[in-house]
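Take a look at these structures.
You will see two complexes here that share chain A, one where it goes with chain B and one where it goes with chain C.
Coming up: the complex of A and B.
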């Protein structure tokens, strides 16, 4: 179990010659979370919320300003070396591998640095190459890899020490849909095998699919936590229902209004009347019944439940125009 | 220890790919040192013809030995400069993100910088080293007190060079500005360490600064052992100084690595560039 208690990390302001330094940046501001083994835990927040900083503290690349972080009871500051053996970090954006080495050589290089037992290193490299689909490209220099291939190699690098805890900082950034899907399967399997995973991602569908428990941070502070469904339900964001009629029917408007929900009337591109309904509950069934009873012919009915994305935007108190991706 | 050896193997491969990955490798390993040697020789030559030069610098009367003197300088310089280059590349790892990947591992930081320097050295300089030695033997300018002095000369060149390389690498933990490596350590190093001119020709204050660079003393030992037939007894003072200087550099490296990693953990500077 990784446990952070009142974790705070502030970056000192850049010192300038002859001028007083500006204020320090509080990137993480009193965060308490726990990452159990055998599950995927989500860490969500808008840009600059402090996710990467948190992950780097857990990975020993940064030192907490105050508060504590323990990995299986070991303190990150006092037992950094032991913790480095047990964890690994994969960040999106295809960095962290050597362009002048082949895929296999990259994995061997890091295997050596992690002191992976010689007897298992060879087979582990083969398995990892297989896992990320780079077996055929294993002998090719990484400078010839596509971006997705590099990213997959850096995922394999992150698994070379068979970490007990895996920190994923937007691991699917830049990956195409099928590969991102494969990666999600890999992550789910790792968790099933007992690895504790911390995932940050701007693809919320990914988080909703993988994470049992999610922490939402904003300005370095925890604003909410819970399962993705509980979080979306908790914010009481509206479901939207969009309904298109074949032709105008006067009785329909009155029937829709009778439902008591907020709604807008409009026309679609083919000049057919449309209704956009917002309500805390899913009113699609009642709406359809009401419209049909009033003599309307439904061409299209679309229901949009609130997403985790909406929930996070709502919790972070940011206007929806600033999209989270 | 075993883990450290594995780091050496890993860095060996990485440096090999870096150095031999470029087609210009033969140029930088052999042609470039030979070319600079030639230009040095012909730059120094007119000076040697000045009246009275031979009294102060007896070597100028013997062009063959003068060339050997300069070649020894070029050889040692090539060795030391390959470490400046490897430090430069080390600093680039900050940008490629691999520096962070390295610091994510439990590998000993000291082993990493030592391995980085020594494998760059071995792979970069062996060709010119062999070439220089062969040339010295062929031209009959090699003058050894006994064969063991060859090993002494090699050690006096390699050990301080590796310590120096590790020190440079550890300096880069703090500074993202690696340009200083080239501006400060290319031409000035040639001059200050007596690569082109004998040390007695330099003013005292330059000599004093020069002593800080291990290249200076390495070069004195190298020339003494290979060209002037001096033995360990003759060179004891210089050898002791080199040993102390190497130890100081390694101690400073260990300290800089510790403080530097702390600094990076505080400011997040490993990812900045």
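Coming up: the complex of A and C.
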């Protein structure tokens, strides 16, 4: 289990010559989280919320300003080397591999840095190359790789020590859809095998699919936590129902208004009348019944439950973005 | 020490793929120029004789031999420092410092691996330069092999030792050029590569003695020019080793904090 208690990390302000330094940035401001083994835990928040900083502290790359972080009971500051054996970090869009080595040489070298036993290393490298789809490019210099290929190699690097905890900072950034899907399957399998995974991602579908528990942070502070469904339900955001009629029918508007929900009337690209309904409950069934009874012919009916994205935007205090949907 | 050999191999692979011939020519040119100019000055101005003061200060009248050993040692020092001290800032620039720090491997074996690979490359360069010196007629007396070997080992430790704190400075300030050139200028002035430090005022001479390269150079010259037995060079060798190891110990202590400063300064990702 990785446990953070009142974790705080502030960055000193940039010192400028002959000018007083501004205030320090509290990138992480009193976070208490736990990341259990055998599950994928999500860490969500808008840009600058402090997700990467938190992950770097957990990865022993940055030291906490105050508060504590323990990995299986070991403190990140006092037992950094022991913790480094047990964890790994995969960050999206970073150049964490050697450009002048081939893919296989990179994995070999990192395997040595992690003291992976020689008997295991060869087969593990082959398996990882296969896993990220780089078997054919294993002998090519990384400087000739595309960005997605580098990212896939970074993922293999992050798995070279068979970590007990895996920290994923936007790992699918820049990956094409099939590889991103494969990676999600890999992450789910790792969690099933007992690995504790922390995932940050701006692809919320990814988070909804993988994470049992999600922490939402804003300005370095925890604003909510729970399962993705509980978080979405908890914010009481509207379901939207969009209905398109074959042609204009005067009785329909009155019938829709009788439902008592907030709604907008419009036309689609083919000049057919549309109704957009927002309500805390899913009103699709009642709406359809009411429209048909009023003599309307339904062409299309689309129901959108609130998403985690809406919930996060709502929690981060930007209601305009929610209303825009 | 598990990291040393893989790092040696990694650097070999990289060097074989992208060896900068311009570097080779550049360093070689410096060495050759130093020896060549000394040769010209010696014959054209000095008429083939060094001043009596020189013999007293340098402990040898063989000015050309003195300068040649100095130039070879200078080349060795500069190249080794460039390889070892710049290894980590190169990682930082290429974006691999974080994956390096993320791993449990220790820094000393990593740097030893870098140093061993640097040694192989640098020795080749120095040998080529010495071959040139001999070609233009510099006569190098047969060295005492045991003393020479001991001096070579001590010099390697010394140069490795000063490279480690230098690496810490470079990654924490995120700058290599000014840092390395300051050291090179200081060493060129203080350590006796081209002229005996006896010509320097006392405070500067002491400063020079604080750099292990100074005593390494004395031992190297004793081994080559004076054919000195090990017992004669021993005090210099021990001083050089002690200083080199002290720099190394200080450097290793500084690296951890320096790496954290480097990563923190690395900006938000």
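The rule is short, and it goes like this: the second predicted complex is superposed on the first by the 317 of 325 C-alpha atoms of A that agree within 3 Å, B and C clash if a C-alpha of one lies under 4 Å from a C-alpha of the other, contacts with A are read in each partner's own complex, and residues count from 1 in each chain.
The rule is short, and it goes like this: contacts are C-beta pairs under 8 Å (C-beta built on N, C-alpha and C of every residue); 3 or more make two chains touch, one makes a residue touch a chain.
Treat the numbers as computed from the prediction; the structure is a model and nothing was measured.
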item	value
Clash-or-fit label for the pair chain B, chain C on chain A	clash
First (chain B), second (chain C), both or neither touched by A:213	neither
First, second, both or neither for A:152, with chain B first and chain C second	neither
Touching both chain C and chain B, counted on chain A across the two superposed complexes	11, 53, 56, 59-63, 81-82, 84-85, 88-89, 91, 95-101, 105, 108-110, 112-115, 141, 157, 161
Contact set on chain B toward chain A in their complex	2-3, 6-7, 9-10, 13-14, 17-18, 21, 96-98, 100-107, 112, 262, 264-268, 270-271
Contacting residues of chain A [partner chain C, same complex]	11, 27, 48, 52-53, 56, 59-63, 81-82, 84-85, 88-89, 91, 93-101, 105, 108-110, 112-115, 141, 157, 161, 169
Residue numbers on chain C that touch chain A, as the complex places them	2-3, 6-7, 10, 13-14, 17-18, 94-96, 98-105, 260, 263-264, 268-269
Interfacial residue positions of chain A with respect to chain B in the complex	11-12, 53, 56, 59-63, 81-82, 84-85, 88-89, 91, 95-101, 105, 108-110, 112-115, 141, 157, 161
